[in-house]
Amino acid sequence: MKLWQKKYNLNKKIEDYTVGNDFQIDHVILAYDCKASIAHAEMLNQINILTEDELQSLVNELNNIIELSKKGEFVIEKSDEDCHTAIEKYLTKKLGDTGKKIHTARSRNDQVLTALRLYYLDNLKLIKTKIIDLQKTLEIVSNENKGIEFPGYTHTRKAMVTSVDMWIGALKDSMDDNLLQLEALYKLLSQSPLGTAAGYGVPITINRDYTAQKMGFAKVQKNPIYAQHSRGKFEAALLSFLSLLMFDGNKYASDLILLSMPEFGFFNLPDEFLTGSSIMPQKKNPDVLELLRANYHVVTSAEFQIKSMMSNLISGYHRDFQFFKEPVVKSIEIVQNSLDIMILVFSNLKFDKEKCKEAITEEVLATEKVYKLVEQGMTFRDAYKKIAEGY
Amino acid sequence: MKLWQKKYNLNKKIEDYTVGNDFQIDHVILAYDCKASIAHAEMLNQINILTEDELQSLVNELNNIIELSKKGEFVIEKSDEDCHTAIEKYLTKKLGDTGKKIHTARSRNDQVLTALRLYYLDNLKLIKTKIIDLQKTLEIVSNENKGIEFPGYTHTRKAMVTSVDMWIGALKDSMDDNLLQLEALYKLLSQSPLGTAAGYGVPITINRDYTAQKMGFAKVQKNPIYAQHSRGKFEAALLSFLSLLMFDGNKYASDLILLSMPEFGFFNLPDEFLTGSSIMPQKKNPDVLELLRANYHVVTSAEFQIKSMMSNLISGYHRDFQFFKEPVVKSIEIVQNSLDIMILVFSNLKFDKEKCKEAITEEVLATEKVYKLVEQGMTFRDAYKKIAEGY
Amino acid sequence: MKLWQKKYNLNKKIEDYTVGNDFQIDHVILAYDCKASIAHAEMLNQINILTEDELQSLVNELNNIIELSKKGEFVIEKSDEDCHTAIEKYLTKKLGDTGKKIHTARSRNDQVLTALRLYYLDNLKLIKTKIIDLQKTLEIVSNENKGIEFPGYTHTRKAMVTSVDMWIGALKDSMDDNLLQLEALYKLLSQSPLGTAAGYGVPITINRDYTAQKMGFAKVQKNPIYAQHSRGKFEAALLSFLSLLMFDGNKYASDLILLSMPEFGFFNLPDEFLTGSSIMPQKKNPDVLELLRANYHVVTSAEFQIKSMMSNLISGYHRDFQFFKEPVVKSIEIVQNSLDIMILVFSNLKFDKEKCKEAITEEVLATEKVYKLVEQGMTFRDAYKKIAEGY
Amino acid sequence: MKLWQKKYNLNKKIEDYTVGNDFQIDHVILAYDCKASIAHAEMLNQINILTEDELQSLVNELNNIIELSKKGEFVIEKSDEDCHTAIEKYLTKKLGDTGKKIHTARSRNDQVLTALRLYYLDNLKLIKTKIIDLQKTLEIVSNENKGIEFPGYTHTRKAMVTSVDMWIGALKDSMDDNLLQLEALYKLLSQSPLGTAAGYGVPITINRDYTAQKMGFAKVQKNPIYAQHSRGKFEAALLSFLSLLMFDGNKYASDLILLSMPEFGFFNLPDEFLTGSSIMPQKKNPDVLELLRANYHVVTSAEFQIKSMMSNLISGYHRDFQFFKEPVVKSIEIVQNSLDIMILVFSNLKFDKEKCKEAITEEVLATEKVYKLVEQGMTFRDAYKKIAEGY
C-alpha cells in the first residue's frame, strides 16, 4: 500500500525498478522522521487539525516506533517504498482516522528533507566529537615524541629536516580548519524545510516557526522552491566537506604506508594492525591504511555522483533525487569509521628514533649551509649557487 | 580463520574496518570461483600436486558448493573475509589435507581476478542478449508507427520534421555500435590471469594454457605484473562501456519525460507505469524514466571512483583494489535491469498521431522553404536570408 | 635562466613538457606576487637582511612591475617558467646583488601559495559584489512581476500553483546561503603561508606575523607542512563553492530554457539575446542559457580534477600541484562572467501574464480541493483519496 | 558576420559569453574542414548544385585555405565564431555567389562533426605510431637489462622477486591491449556524419556514400538523430581510451618516482631530466614524471566533464556540446606529448644492478621456501604455516 495508491496497481517490474533500497536504508532516518512527525502533530494540534487526544495518541505511537526502531523491530516492507509510508500505515492501523490526519500540511518531499537534515545535523555533531578526539590523540603523540627529527620530502625526494611535532601538528591544524568549515556547513543545513510540502507550500496556514524550533533547527527555510533546490545542493556541500576531511586521511595514510616501509622505518604499527598474504608467509601488510586511503575516493565519487545527477534539471522535485540518499548515508558511515581508525592508528604508532636520525643524511642540511653563508653576508642567490656546486 | 592467519589475531576494530562487505558481495562470484578452482585442480593433477583421487574429491566438493550457492545455502562468514577463504575452509573441513593443497600455485589475488573475469564475461553475454532484445522491440515499435511525424528539436526549440522511425532508429543504431564495442571489450577481458599469483608468478612450473582453455578464456594473460596492472584498468574499461550504454538510456529517458508531458503529448505510457504523489491527488509521474536517467550517473560515478582510486600508486596489488568490486557488481545489475525496463517501456509506448501532427507548426517547415528556393536556382545563403526575413 | 639553474641544462623535450603554460597564466597573479614581495622585503629589512636603501629600490622596482603588468607590458618568457622567476630575474638585472637577496627566507613554493591566495581573496570579494548585484536584480524582477502565477512542476509534470515571486525568491535565498558559505571560505583562505618556504620552514628567524598583517591576511598559517597540505585542499574547497554557485545558474538556466519554449511561453528573452542556425532560418536559440548550464560542468570537473590529482600522494610538495592553477583560474573567470550574464538575463526577462494564467489548468488545483475537504473536517488521507478518484 | 546573421545584432555581452574560444581552437580542425568541404563540393557538383567551374574554383580556394592554415596565416576572427563561418566568409568574398552555395545540404552541426572526426581519426593514427615506437623502446630496454632482478612489491611491501624483463614486459603487454582497443575505437569513429545537417537531414537528395568514401570514412552514419546523439558519446569513448592509455603512464611514473629514490636506487634518470629547487641547492627532482602522473587526471577529468555535461538532455543538438571540443583537443595533445616523454624516459633509464640485487633481502624468498616444502610433499597450506612461523 502506497501513500499515493491509485485505482490501478503499479506494474510489477516498474515497481521493482523504482522502489530501490529506500526500505533498507531508511532505518537510519526512521527515528528522525518520528521526531519530526511529533513536532508536526503538535503544530497540527495548535491549528486545530488534531484534537488534544489525537495528538497524545499520535505522540505515543510515534514514540513506540522510535523504541521499536532502536530494537531493530520496526519493519519497513519493500511494498511500503520507504519509512514515511510505513509510519503512516502503522499509525493508521493503530489509530484509524487519527493516523489519516498526520500527513495534513506536508508532503513526503518535505518529510524526507526534514528527517534527512535532522540525521545530517546529528551526525555532524558526532563527527565533530570524533575530530576533537583525534586532535587530543595527536596532541599526545606529539608530546610523547618531542624532539624526534626526520627528513621532510618534496617531489618524493629528501628536502629539509622536519619533526614529529611538525608532521603531527599539520594534521591537527587541518582538523582545526575542518571544524571551522563544519560550523559553516552546520549552519547551512540547520534550516527547517517542514511545511514546504512538495515544493510549492500548502494551501492552509501553518506554523512553521514552531516546528522548526521544536526540532532544534536554527531557522525556517521559507521558500518552498528553494527547499527543493537545496536538495542535492546541501548534500553536495556536505559531501564536499566529508571528502576534504577524508583527504586528510588519504594524505596521512600515504605517509604512513611509505614511511613505515622497512626501507624507511621511521615508524611502525603493531603486528595486530597488519594483515597477511594467502601465498607469501612473510607479509605484514598495512591494509587498514590502504583502505583509509581508498575511502577518500569513495566519498569523493559520492559527491560527484550527486553533482552530476542533480544537473540539467528544471526546478522542482525529480525522482532522481531519491538516489542522493545512499551515497550520503554511506559516506557519513565511512567518515565516522575512518576517524575512529585514525585515532586508533595514531595512538599505536611507534617512532623509531634511530632510523629517523640516520635518514638525515648530509644533503638534507644543504639549505642550512646556504643560510650560514647568508648570515655571513652573502646574497641568498649567490650562497645558493655556491652550495649547489657540490651536488 | 583467515588464509593468512598469523600467530597473533587482528585487532578487532581493524578487522571491522578492513573486512568490508566482500563476504556479502562475493555470492555473485562464488560459482565462478568454484569453476576456476576445478580447472585449477585439474591442472594441479596434471603436474602431480594432486592425485587422481584428490582431484575427484575436490571436484565433487566444489560442485557441491556450486549447488549450495544456487540454493543460497553456502555461508560466507564475516570472519572468512571473502568467498575464497570460505571455499578453502570448506574444502579443508571436508577433505583434510587435500583441501590444504588447493591453494598451491595460486594466490588469492589471481583467484579473485579469475573469478571476477568469468563473472564479467558471463554478464557481458547476458547484456548482449538484452541489447538484441531491445533492438527487436525497437524494430517493432518503428514498424507499428510508420509514417508518424513530429517536430525534431535543437537547442530545445522546434527545428525540422522528424519521425518515429528516425527517432527509434537512432537508438537502434546506437545499440549496434554498443554491440561492436562490447565485442572489443569482451576480447580485452577474455584473458586468464590464473597462475600470476600475487603478481609475480609462482616458483614452480604450471600449465596456464590448460586452465585458460578449460575456463573458456580466449588467451592467457602471461605477464604477472600486467595481471595486477589490468586490475582497475579492465574494470574502468568495462564501466566506461556500461556508462555509455546507460547514456543511451539517459537520453531517451529525457526525451520520454519531456515529450510525454501533456504540454507535448507526442506519446504516453500506461497508467500502470506511473506513480503518484503523497499530497497531490492528480499526479501521474514518470518515476521509472527518472530513475533510468539517474542510473546513468550511478554507473558513470562508479567508473570515476575506480579511475580516481587506482591512480598514483606503484605497480603491484594494493588493498585499495578491493573496493573495485562493489561499484562494478552494482553497475552490472543496474545495466541489466535498465535494459529490461527500456524493453518494457518501448513495448508499451503509445504514440498520439494527432498531437504529433499538430505540433508540426509552420516554422518547422522553414528549412524546406529554403530548399524550394534552392531548387529554383537561388544560392543557399541567399535563400536562407530571404526566408529568415519572415521570422 | 631558472631559479634553480644547475651546471647542466635541462633536456629540451623535458623542458617543453614540464614548463606548461604557467608563463601565460601567471599574468593573473603577477601583481599579487609583487605585493607579497614588497611585504616580504619590508620584513627582510626588519631582520637586517636588506638595508633601508635596498628595500626602497626593491619596492620601487616591484611597483614598476605592477605598473608594467597593468599595461600588459611585463614579459614572462617561456624559459622563465613562471612569474616568480621573471620577477627575480628582472630585479637582479635592475638592482644586481639587491635582487639576489629578495628570495632570502622564502621558496618558490610559499611564494606561489601566497600570490595565489591573495588572488583568490580578491576575486572572492568581487564575486561577493556580483552576487549582491544579482540579488538586487532579482528583487526588482520580483517586485515588477508581483502577483503573476504559473504552474510549479514536480517530476516535470504540473504540480501546484507557484508565482514569479516564489520562483525568483528561491534563487535569492540560495544566493544568501552562498554568501554565508563564501564568508566561511574566505576565512579559510585568509591564512598567510609566506615563510613556510618549501614546506619545512627556513633556518633563520623571520617575522611571519608582520608580512601576514601587511598583506591583509586574517592570520598566519603556522605549520609549514600544513601549508603544503592545504595546497589542493583549499583549491578544492574553493572550487566546491564555485561549483555550487554555478549549480544555481545551471538550475535556473534549465528553467529558462524550458519555460521560455513557445510551447510554454511563461517568459521570453529579447531577440538580441538569441542566436540563429546556419541552416534553419526560423531559429532563435537560447545559446547563452545553454552555456550557463554547461559551465556548471566545467567548474565541477575542475574540482574533480584537483581532487583526483591531489590524492594518494605523501606529504610535501609535488610538481602535480602546479596543475591546480589553471582549473581554478578558469573557474573563477567562468563564475564571474556567469554572474554578469545572470544579472543581464534576469534584467531582461519578460513574463507573459496570459500564458502563465492559461497554464494553470484544472488539475493544478487538485491539492487545493483536498484541503477544502480537510477544512470541512475530512481526514487528509480520505480527502486525498476522494479527489484522486477524479484522475 | 555570422552564418545565421539576423536583422538584429547579438547583445555584446551575450556574444562575448557565447563565442568562447572556438576561434582559437578551431585551427586544429581547419584543414580537416576544408578537406570535408572539398568532398562536399564534389558531391554538390554531382547533384547539379554546383557547376564544374564552380566546383573547381571552390576546390582551389579550399586548398588555398589549407596552405594558409599550414603557414598559420588563415585568420579566424572572434566575430566569426568559428572556422566554419570564417571559411564560408572567405569563399564568399573570393567567389561571390559560388561561396554562398557551399553550405547547401549541410548544417554547421554536421560540418563540425565531420571535421572533428577526421581530426580524431588522424590523431588516433599518430597515437598508434607512438605506441608502437614506445613498444620498440621497451623491447630494447628489456633486452639490454636481461637478468636484472629486484623485489616486486604488494601493498607497498616487498613481496617476491621480479625482473626488469617482467616489469617492462607488463607495460608492453598493456600497450598491445591499448592497440586492440584503439582499433575498435577507430572503427566506431570512422562513420561519416556529413549530410545529417542539424540532426534531421536535408530536404533534398544527396549522395552521402560518395562523401564518406572520399573522406576515407569506413561507413556512413545514416541516422541524423544518431549523428547528434553520438556527439559527446563518441568523444567520451575517445577520452575513456585516452584516459586508460594515460593510466599506464600514471602507473609507471609512480614506479619510476619511487624506485629511483636514492633510498631504493633501482634505476636512475640522467641529470638533464631532473629539475632543481629555488631554495634547496641539493635537489634533483623528477618533475617530468610527476607531470606524466598528473596528466592522467587531466584527461580523466576531461572525460568526466563531457559525461556530466552531455547528460539529462533531450535528443538534438544543444549548445552545451560546443564545450566538448576543448577537453578533447587538449587531451589528444597531452597523450601525444606523454607518449613522446615515455619513449624518452625509458630510453634513458639506467638500472643499478647492485642496488637491485641488494634489495632482494631474505624475506623476499619466503614463498620460494614454501614451495621447496611443497616439492617435498607437504601440503601448500601446511608449508605456508611452517615458513610463516619465522616472521
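Chains: A, B, C and D, in written order; residue numbering restarts at 1 for each.
By definition in this document, a residue touches a chain if its C-beta (ideal position, glycine included) is under 8 Å from a C-beta of that chain, and two chains touch if they have at least 3 such contacts.
Here the structure is a predicted model, which is why all the values come from computation and not from measurement.
When the interfaces B-D and A-B are ranked by how many C-beta pairs touch across them, B-D comes first. A repeat of the A-D interface exists among B-C, A-C or C-D; more than half of the contact pairs are identical by residue number at B-C. Chain centres computed from CA atoms place C at the largest separation from chain B.
Spacing of chain B relative to chain C, judged by their CA centroids, is 37 angstrom. Rounded to a whole number, the gap between the C-alpha centres of chain B and chain D is 24 angstrom. Averaged C-alpha coordinates put the centre of chain A at 29 Å from the centre of chain B. Taken residue by residue, chain A touches two or more other chains at 5-6, 103, 109, 154-156, 159-160, 197-198, 202, 258, 276-277, 279-280, 283, 285, 287, 290, 293, 297, 300, 304, 307-308, 311-313, 318-319, 367, 384, 388, whereas all remaining positions touch fewer. Note for the complex: chain D touches chain B at residues 6-7, 49, 88, 92, 97, 99-105, 109, 152-156, 159-162, 166-167, 169-171, 173-174, 177, 180-181, 183-184, 187-188, 197-204, 221-226, 228-230, 232-233, 236-237, 240, 243-244, 247-248, 250-252, 254-255, 258-259, 293, 296-297, 300, 304, 307-308, 310-319, 367-368, 371, 374-375, 379-382, 384, 388-389.
Residues 154-160, 257-258, 261-264, 276-277, 279-287, 290, 304, 307-308, 311-313, 363, 366-367, 369-370, 384-385, 387-388, 390-391 of chain B are the ones that touch chain C when the two sit in their complex.
By the touch criterion stated above, chain A contacts chain B in their complex at residues 2-6, 8-11, 13-14, 16-18, 20, 84, 103, 106-109, 111, 197-198, 202, 270-273, 275-280, 283, 285, 287-288, 290-295, 297-298, 300-302, 304-305, 308-309, 318-320, 322-323, 337-338, 340-341, 344.
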